[in-house]
C-alpha cells in the first residue's frame, strides 16, 4: 500500500474518529443529565428537541457565544494554555484505540483504528498521565485558592491512582503477552468450554483487576465518588472555578473524553473488545464489531453515570488512604497471583 | 531523509526547550519547558526505534516526575527567582569549566564517533526483548533499584512529614 | 586405627560453661550458676575418665585432627589433640582436681558478689589448661599456656577493688610474659630448624640427632629457652616472685591454679619436650640446678613466713623445684609422679588452709591461730594427711614421689641429693610448724576481731559480703560442700603414691612403667650418651629396679635417710613451736640478720625493683615519654596538625556552603578529568 | 540516516544546558530540573549508542537511570519542602548553612 492512499485513509479515519468522539462526548453529557435526572426522579432535559436530544447543540452554541472573560491577576499564558492541554491530551489517546478488526472497502483494506502501535496501551497511559497538567496548571494559573486547592487535589489524586491503574492492567498484559491493544483483543477471541466468552475478565482472577481498574479510572477522571478536585460544596468548582465559556467547555469535553477513553480501554482489555456473538458477511461483520464495541463502551459509561447518581463523595484523606492502602496492595497481589497462574500454566 | 528531518526538528525543539529552561525566571515555565524537552526526547527515542523507552520516558518522566515538580512548585507557590549574586565562583570558574568540558567532549565525540550512521528504528527495543534482558541478565540490578526506590519512598515520607513541634521561624 | 574419642570436647565443655556463666551469669541465681559450672566441669572430668577407660585399647600416641588452623607455606599448625600416657595423667589430674576445687569453691565463694564471675573464670581456666595438656603441637599448647596465664591474672585480681590484688595480678602477668618470651623464641627456633611445631614431627626429626655433649648447640638453646618459659610459668628462680603475691586471689584459686595445675604446666612442658632436653645435657644440668636452688631457697623462705597461705605458696615453689630437679636428672616420670602427688596434697593443703581461714573469719596469720584441732576436726584431720604427705612420711603419697626424685638425683650427683635432702628436712619443718601453730597449743586469736582481719584476707570488698561472715558465730567447721573435696583429696594424698612404689620397697614402680613408653623409648641410645644424665636411667634397668652402682639396699638406706630427715623436721617443729614457743624468738634474735633476710624473702623483690623495674620506669619516663613521645611523635603530630590548620584556613573559602560554587568546582574538575583522559587516549 | 555523532552532540548540548542551569539558576527546584536535564541528555546518548552497537542493554540502562532519577527527585523534592519549611526560601544562595 503506497503512501498516497495511506495518508488519505488515515485522514479519513482521523476525521471520522474525531467526529464520532466529539458527538459521543456531547451525547454522554446529555445521557448523564437524562439518567441522573431519572435517578433523581426528574425528567432531565426535555425542552430542546425530542427528549432534549438537541440539548448538547444548544449548550455548544451557548459556550461559543458566551463572553470569554479572563479574571485579573491570572498567569495569562498558562491560564490560556491549560484547557487546551487538557482537551488535547484527552482527545489524543483515541488515536491508538481500535474499534474493530479489518475493514475492506473495494481495493483498500484498512484496520478500524487510526494507527496500530504495538505499545498502544503504554501510549494511552502516557497521554492520560499527561492530562494531569491541564488540570494542575489551570488550578495554579488562575490564581485563586479554590482553583489552587482543586489543582493540587487533582494532581495528587491522579498521580496516586495512576499507579493502581497501571498495575491493574499489568495482569491483562501478562495474560495476553502484548502491549498492542489489537493483539490484546485478538487474544480474547473464542470461548471457554464453548459458551463462556474468552474475556480477560473471566480469566485468572482478572475480575479483581477489573474492579481495581474501575475505581482507579473513576479517580483518574475525577468522577464521583472521587470528584474532590471539583467538589462544589467545598471548592465552588475546583480547578475550573475561574474559567468560563469555551475554556470551561474544553475542560468539560476533556473530562468526558477521558471517560470515553477509559471506557474504551476497559472494554478492550477486560470485556473482549469487539468480539460478539452474531455472524454474517464481512461488511456486516465489521459493522457488528463496531456495534459490539460501542455497546460495551455505552454500558461502561452508563455505570459511570449510575454511580454518580448513587454514591456520595469521599473525604480527601479517605480517598488517599483508599488508593494507597487498599487499591495498590490489592493490585500488587492480583499481579503476583496472575503471574503465578501464568507461570504455572506454561 | 525523513529521519533526518524529524531528528533535526525535534532536536531543535529539544534544545529550544533546554535553553528556555535556562532563560525563564519562573520555575513553572522551566518545568513546562523541561516537559517539552522530555516529550521531544521521547520522539528521538522513537526515531532510534526504542519505542518502549520512549513510552516509559513519557509515562515516568513527563507523567510522574515532572508532575511531582509542578506539584511542589504549586505547593510552595514558588515565585519569580530573585537575582542574588550568591557565588562569583560559579560564574568565574563553573561556566568556563563547563564550556571547556563540553567543548572537549564535543571534540571527542565528533572526531572519534566516526561517521557511522544509524538508520531509523535501528534497534527495535520491543518490550519483550527489554523484559527478557531486564529480568534475566539484569535481575540483580533490577531488584537493587527496586529496593532503592522503596528506600526513597520512605525517605521522602520521613523528610516531608511535618516536624513536631512545628517551628514557626527557621531563622534563629 | 583408634576410635574417634572426640578429645576436643574435653576442653570445649568448660569453655561452654564459661561462656554461659560469663554472658548470662549476672541474671542467673547462684544455684543456676553453680549448676552450669559444675555440670560442664564435671562433664569434662567424666569425659576424661571415659577416655581413661578406653585407654588400654588405644594404640599410642593417639592423635586427633580437628581442623587446620594456620597453613603458611610448608608450615602448618592444626587444631589437633594428642593423647598419650603423659597427657592422660595430666588430663586426669587437671580435670579431677579441678572438679573437686569447683565443688569446694561453691561453699567458699557462696556469699561473694562476683560469684558467677568467679565460676566463669574458673571454667575458662579449665578450658585453657585442658587445651594446654591435650595440645598436639607447641602452638596450640602455647595458646593454652597463655590462656591459663590470662585466667590466673583474672583470678588473682578477682577482688580487683583491692589494690594489692590488682597489682599482684599485674605482677604475675608481667613476670609470666618474660617466660613466655623465652618460650616464643624457642618456638621460632623450632619452626626455623624443624619447620613444624607438631610434637610427633619435631620429635621424629630430633630423635636421630646425637646429644650435644660437647658445648651448646641448637637443641641446648631451644631447651634453655623452653626452660625460661617453664621458669616463668612454674615460678622457678629467677621468675618465682609472682607466685607468693598470687596468694591475693581467693584460696580455691591458689589451690587450683597456683598449686595443683597451672604452675605445673612448666614441668609438663619440659617433660613433654624431654626428647629435646635429653639431647641437651647442659640444658638438663641447668634445669637441675635451677630446680635444686629453687627448692632450697623457697624452703628457707617458707620457714619464716607467718601467713599460712604464703607458707604454702613457698612450699609450692620448692616442690616445683623438686619436679624440675627430677626433670633435670632426666627422671621425667618421677617428676610427673611428684607432680601428681603434689597436685593432690598441695591442693588439699590449700583447701584445708582455706577452710581454716574460713573458720577464723578471714584470719590468715598463723600467729593468731592455734588449738583449732578440736574446733574444726575435719579440717584438722585432712590437713594432717596433707602435711604428712608433703613432709614425706611413709606411706603417704609425697613420700614415694619425693623419695624417687631424691634417689634419682643421687644417681646424678650427690650434691643434688644433699640439697634435696635438706630441702626435704626444711619442708617437713615448716609444714609441721604450720601444723602445730595452727592446730595445737592454745588459741591465740580473737574471733571477734575477725572483721578487722578480713582486710588481710582481702574480703572487705565494696558491698560484697565475705564468705567468712558466717564466722561471726565463732570458730566453726566449714560446710559439707567444702569438706567433701577435702576428704577425697585427703584419701588421694594418702593412697596416691601407691601407684609408684619403687622396687626397693617390694613394689614395682608401676607409674614409671606406665609412663615408660613416653620417656624411655625416646632416650638417646647408650653409646651416644656418655655425659648425659639420661643414661643413668635406661629403661630396662629401671624397670628391674636394679641400679648400676648401687642395689636396692643402698636405695633403702637413702629412703631411710630421707624419712629420718622428715622426722627430724617434725621433731624440731614440735620442739620449737609446741614445747618451747619462746625459743623461735630467741633464735631469731640470735641470728637476726639472717632471720630478717629470710623474713623479707632475701629482699629479692626489692632487688628486682631496683635492678629492673626502677630503671625501666625511669628510662621510659625520661627517654620514651619525654624524649621520644613528647619530643618526636607529639611534636610531629602537633606540627602537622598546625600546618593542616593553616593550609585549610586558606583553602576553606572554597567551602562557601553555596551549592552552585560546589557545582562549579565539580564542573572544572570534570573538565580536567576529561582533558586528562583525552590526553591519555591520544598519547 | 543520521550520523551517530548528531545524537551525541544533541545529548551533549542538553547536558551542557543542564550544567549551566545548575550553575546559574538560584531556585532549588530549577536546579533540580537541570539535573534531570543532564540525566536526559545522558539517556539519549545511551539509546544512541545502543542503536549503534545493537546492544539492547544500553536501553535497559536507561531504565535504571530513570528509576534512579525518580528516586532522586522524590527525595530531593522532599528535602526541598523541608528546607522551605525551615528557611522559607527556595534561593540556594540563601541556603548556605547545613544547620540553622
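By written order: A, B, C and D. Residues from 1 in each chain.
Methods note: a contact is a pair of C-beta atoms (placed from the backbone, for glycine too) under 8 Å apart; a residue touches a chain by one contact, two chains touch by 3 or more.
Keep in mind it's a predicted model, so treat the numbers as computed, not measured.
In terms of the distance between Cα centroids, chain A is separated most widely from C. Counting C-beta pairs in contact across B-D and across B-C gives the higher total for B-D. In whole angstrom, the spacing between the mean C-alpha positions of chain A and chain D is 33. Computed from the mean C-alpha positions, the centre of chain B lies at a distance of 5 Å from the centre of chain D.
Chain centres here are Cα averages; for chain B and chain C they lie 75 Å apart.
Note on chain placement: the centre of chain A and the centre of chain B lie 29 Å apart, centres being C-alpha means. Those residues of chain D in touch with two or more other chains are numbered 19, 23-24, 92-93, 96. Contact with two or more other chains is made by residues 656, 658, 660, 663-664, 667 of chain C.
Chains touching one another, given as pairs, are A-B, B-C, B-D, C-D.
Only residues 1-10, 12-21, 23-27, 29-30, 32-34, 36-37, 40, 43-44, 47-48, 50-52, 54-57, 59-60, 62-64, 66-75, 77-82, 84-88, 90-94, 96, 100 of chain D touch chain B when the two sit together in their complex. Taken together, the chain B residues at the contact with chain C in this complex read 86-87, 89-98, 100-101, 104-105, 107-108. Those residues of chain B that touch chain D in the shared complex are 3-4, 7, 11, 14-15, 18-19, 21-22, 27, 30-31, 34, 37-38, 41, 44-45, 47-50, 52-53, 56-57, 60-61, 64-65, 68-69, 72-73, 75-76, 78, 81-87, 90-91, 94-95, 98-99, 101-102, 105-106, 109-110, 113-119, 122-123, 125, 129-130, 133-134, 137-138, 141, 145, 148-149, 151-153, 155-160, 162-163, 167, 169-172. Residues 656-660, 663-664, 667 of chain C touch chain D in their complex. By the touch criterion given at the top, residues 75, 78, 117-119, 122-123, 125-127, 129-130, 132-133, 136-137, 139-140, 148, 151-152, 155-156, 158-159, 162, 166, 177, 179 of chain A touch chain B in their complex.
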